[in-house]
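In the two complexes that follow, subunit A is the common piece, with subunit B as its partner first and subunit C second.
Then we have the complex of A and B:
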């Protein structure tokens, strides 16, 4: 049996830690959560020389071991708890060659825990651009470690790193700083009370504000003959510790690192001046947004049409192949159209995440956050709220969880309440299909009307979130204050591998996360649409034939009347007609009503539901778009999906709180039903009123 | 595939789908040990 060792990848944010993780593990990785909390846990396996396997954990980015957020506490909890099954045999601290001084702080802290620690100096390919040279031998000697000079971009240094990891037993565990030197008397006393404990570990347990689960500071406080210091004294000692660490790092780097600014060929400052400019910064950002939405429309059309036609053909093929019966009907009229309603959107979702991932990888997203901070402050939010609002374009659930790093409770609560207005990827299928049906295909200045409409919907969502935040800031009587610090990473050419992995991971999450629900709902809807109670459903054929006996209808017309009559008196038809009076003023029929109700499970269910309802009983194997385009308004006549009802639907989905999972997360994050109930009531009423006004004005 | 087999398969699928949806949306999960209340609990 081959030996397996635990390796913890640790480092400051933006040091390329994930790139090193990807380079080591390739596709042998999985993403989950830490037990009991919702911090993302990435782990993977890497084969090392001599048949050794490394189980690698990519820990959340942290600046130091002085935790101030849940993400950071995960790192400390792992490093302090030797009983944890993931406790590392070796820690690999990833640093950025351009920010070595700051990045080394956490390295010295981990080293002092006497865990074998390797230093990775990443982005080594940038050294020549920045005029940086390193004396690796000196650094290894002074830091008592082994160093791997890595460039994930140029695929350099990874094999050397693997070699160093496999020789982890040779790495020194000698500490960088004698922690007792910050207060000799205090630590002597501590040593006497806990003679068998590592001083630095004890010090971390005493000074952290976060509850560590198994690592309990109460055990320290409970010892009668040891009196710890007041919080203010402990903070002063922590500051002293940090100063001493930086003194040590400065001395090491004085000889180990040389920066010749005359050799630097830096474009960063020039780029920053333009991209974060008070006026041009916003213009460039909106131009990039326009480009993204235009590309989503122009590039995704061909694969989308192909998928749509393939699902229609698959239904037809199966219908011809299998004998008639309930299961064949379930497959061809329930499951396949329902799943087709989600798979069709994969190209557009993938393109959206491709662009978002490129913007993040290139370092531009941090500039957007900085830019938006100026706007957000006027509305009572800080730049930290921008991160959840932007990540809300993928899904509101992780975005709401991302608010955990906002220190001010008021800002955090407001961000939680307004984030669901941001256009999430689940709204995208609804928007795309409705826009394709009701917005003409013409162009304005080379940009299609459809792409402009989509961008407008994104801006409406973001604008509503910001305005709601302003109102909530005035209404909520909670006093608090917060500060915003954002790190501007260097501009980089996005790594192809990282971009592809992000796109695959996000698209997979979108398809499989919603896919299971859509599959289940499609099956239930098929049942509800294929069966019904009473005479009207069971004797539909006779009733229709008697009703239309005097009219000379063709067989096909008669069959259509029977299908329509059965659907209307099926379980779903009865339910739909019961809610129809409420939604009719918005321009919707009962079938759209059912789709709205079922999409409360997940917004993207809307398209799948309509596809299933329109398929049941129909012999024509049509594409989803054509089926929807062919629907006739039963009251007003003409297409059901026209400009007025289409805009009304788009606005309804832009504002309505149509997501059960988001409500559950808001409840969990606020520990109260008050806030999600308020959110549901206000957002849904607002959506109804806006959709009503839009339809009544445009019809 | 005769009618009975078709019906068994179809209704089993419906049963499984209903069970999945109930489990997904109505099954009570164990509560986290600690979460924020109406006030700033300082856990972040």
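Then we have the complex of A and C:
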């Protein structure tokens, strides 16, 4: 067996850390469970010289070891816990040659933890462009480390880096800063109390709430024989520490780095003049948004239609191939349509992440955050909430995960709570079929009524999100320091490899994460719809035949009658009729009720459920649509899907919290059942009330 | 009264003189906002908020309320 060493990639955001990770591991990487564990963990394997294998973890980008967001605390938790199986044998700190000074701050902190540390100076290809020259020998000596000059864009320096990693035992563990120098008496006392501990490590434990072995914060404070410092005092010391670290870095760079400003070319100023402009900046942002919507709802339909058709024919092919029986029907009516319901969203999700990763890689996303912060703050949100709200139009799950970099807990919580209001791609199939049924054709100012309705639904989604954020901001009594610091990185041409890997990874996460739940639901649904108790279900064939004996129905018509009779008396039918009184005021019958109940797991199940319930064998939308158009309201007469009940349904789907995966993610991200339960109760009762009012007014 | 970063106008240069206010997040210091460093306003969003700054080569955006706690000394060039 070859031995394996643990390598942690650490660095500021926007240093190309992920590019280095991708260059080292290629496709040998995976992302930690999703949804499941508390943190998204990217890890991969890399072969080093002399048969050594490296297990590489790409830690979230962080500016320092003093965490101010959830993403950052992950890094500290790992580095403070020597018992963690991922505790690094060696840390690789990635820096950007243009921001070396700032990027070195975390390097000095890691060094002080006495972990062997290699320094990667990335984007070395831009040195001459920016007029930067480095004295590597001097830097290696002063920083007590080995340096790899890397350019992932030009594919340079990666082999040298691998060589350095494999020689990790030669790397010095001498610290950069004597932490005791910031307050000699305080640290002397600390040392007396904990003689066997590393001072900097204790300091990190004292200054932040990190779970770490036996020495937790309380113990340090309680046992130590000195007056506990107030938080303000601790903060002052942290400021002092930061200043000292920069003094050290400045001294090193004074000799090690020369920048000839006359050589530097500056494109960012030109770009920023337009992209962050008070007027044009917003115009460009909205143009980009329109482009994204266009891609998701127009270009994605081509592959989606193809996937839809493929799954339908796969079902049909299998149904013909396999002998009749419970297993075949489970496969062709339960599992395959269920899988199809997941796979069909791949094009949209992929398009969305394609755009988001391009916007992020290029550095544009920070400009959006900058432009939108003031507007969003009015509603209790942060500029950083824009990214989740945009992502939410594909799927609320990755959107909620994207809130992690919002520092203020209150702003983050509100963003998490309102994101499910944005119109996600799972609502789309529901909207499309109901709009086609109840909104008349015809045009207003050249735009079709149907398209306008769809647009209106998107606006309602965003509007509700923003308004409820405003209300939550007033209602929630959470004291949380709201601060906002965003780095505005340089503009960069996105690396093709990074974009592709992000798209593949996020799409995979969606399919396997959310997919599992959708699949399970569709199997359960199939069982409930295919079996039932008592005479009415088991002798359905006889009963229907006698009932319609006089009517000379064709075989096919008779078969349809039998199926729907069976369904009415299946487990699901019985449940459906039990809940009918609740939903009748909204203009629905028990079949819609079942579709709504089953879509509490995932909205897109609605269409599939109706497809099963209306006893149409294939998933072809046109047939479902015709069938739905022919349904008659049992009480009021007239078509079941008319303008009033249609609008009521649309509004119900716009507001109701019908996604178990989202609830699971909210639970995980807020670490409590309180918030997802609140979301479920408030959103769903609001949806019910609005749908009720709409139907009663319009009928 | 001393100038704060919130008073900085576009095109003006200044030197940061004091960041010891408790309202300034540590993260800002860690990103290079330290006494002695030069600061320049690159761009402002509508209502002067947030402010897009160039602090000694680090490009950051912060809210005006935070900027109001950072003391500066304007540098008159020409």
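What we mean here is this: the second predicted complex is superposed on the first by the 442 of 699 C-alpha atoms of A that agree within 3 Å, B and C clash if a C-alpha of one lies under 4 Å from a C-alpha of the other, contacts with A are read in each partner's own complex, and residues count from 1 in each chain.
In this section, contacts are C-beta pairs under 8 Å (C-beta built on N, C-alpha and C of every residue); 3 or more make two chains touch, one makes a residue touch a chain.
Since we're looking at a predicted model, the values are computed, not measured.
Peer 1: Pick one for A:47: touches subunit B only (first), subunit C only (second), both, or neither.
Peer 2: neither
Peer 1: Contacts for A:492 in the overlay, against subunit B (first) and subunit C (second): which applies, first, second, both or neither?
Peer 2: Neither partner.
Peer 1: Applying the document's definition of touch, where does A:404 land relative to subunit B and subunit C: first, second, both, or neither?
Peer 2: The answer is first: A:404 touches subunit B but not subunit C.
Peer 1: Can A:371 be said to touch subunit B (first), subunit C (second), both, or neither?
Peer 2: In the superposition, A:371 touches subunit C alone.
Peer 1: Regarding the shared-chain residue A:519, is it in contact with subunit B (first), subunit C (second), both, or neither?
Peer 2: The first partner, subunit B, only.
Peer 1: Just subunit B (first), just subunit C (second), both, or neither: which does A:329 touch?
Peer 2: A:329 contacts subunit B only, not subunit C.
Peer 1: If we overlay the two complexes on their shared chain A, which of subunit B and subunit C does A:671 touch? Say first, second, both or neither.
Peer 2: first
Peer 1: Quick one: classify A:272 as touching subunit B (first), subunit C (second), both or neither.
Peer 2: A:272 contacts subunit C only, not subunit B.
Peer 1: Of the residues on subunit A, which ones does subunit B touch that subunit C also touches?
Peer 2: 407
Peer 1: Note which residues of subunit B are touching subunit A in the complex, please.
Peer 2: Counting only subunit B, the residues touching subunit A are 1-3, 5-7, 9-11, 13-14, 16-18, 20-21, 24-25, 32-44.
Peer 1: Touching residues of subunit A toward subunit C in the complex: what are they?
Peer 2: Residue positions touching the partner: 63-64, 66, 68, 98-99, 101-102, 105, 232, 235-236, 238-239, 242-243, 246, 268-269, 272-273, 276-278, 366, 369-371, 373-374, 377, 383, 407, 481, 483-490.
Peer 1: What does subunit C use to touch subunit A in their complex?
Peer 2: Per the touch definition, subunit C meets subunit A at residues 19-20, 22, 25-32, 34-35, 42-47, 49-50, 52, 56-63, 66.
Peer 1: How about subunit A: which of its residues touch subunit B in the complex?
Peer 2: Against subunit B, the touching part of subunit A is residues 36-37, 69-70, 209-211, 322-323, 325-330, 404-409, 412, 478, 480, 516-517, 519-521, 523-524, 526-527, 601, 660, 668-672, 674.
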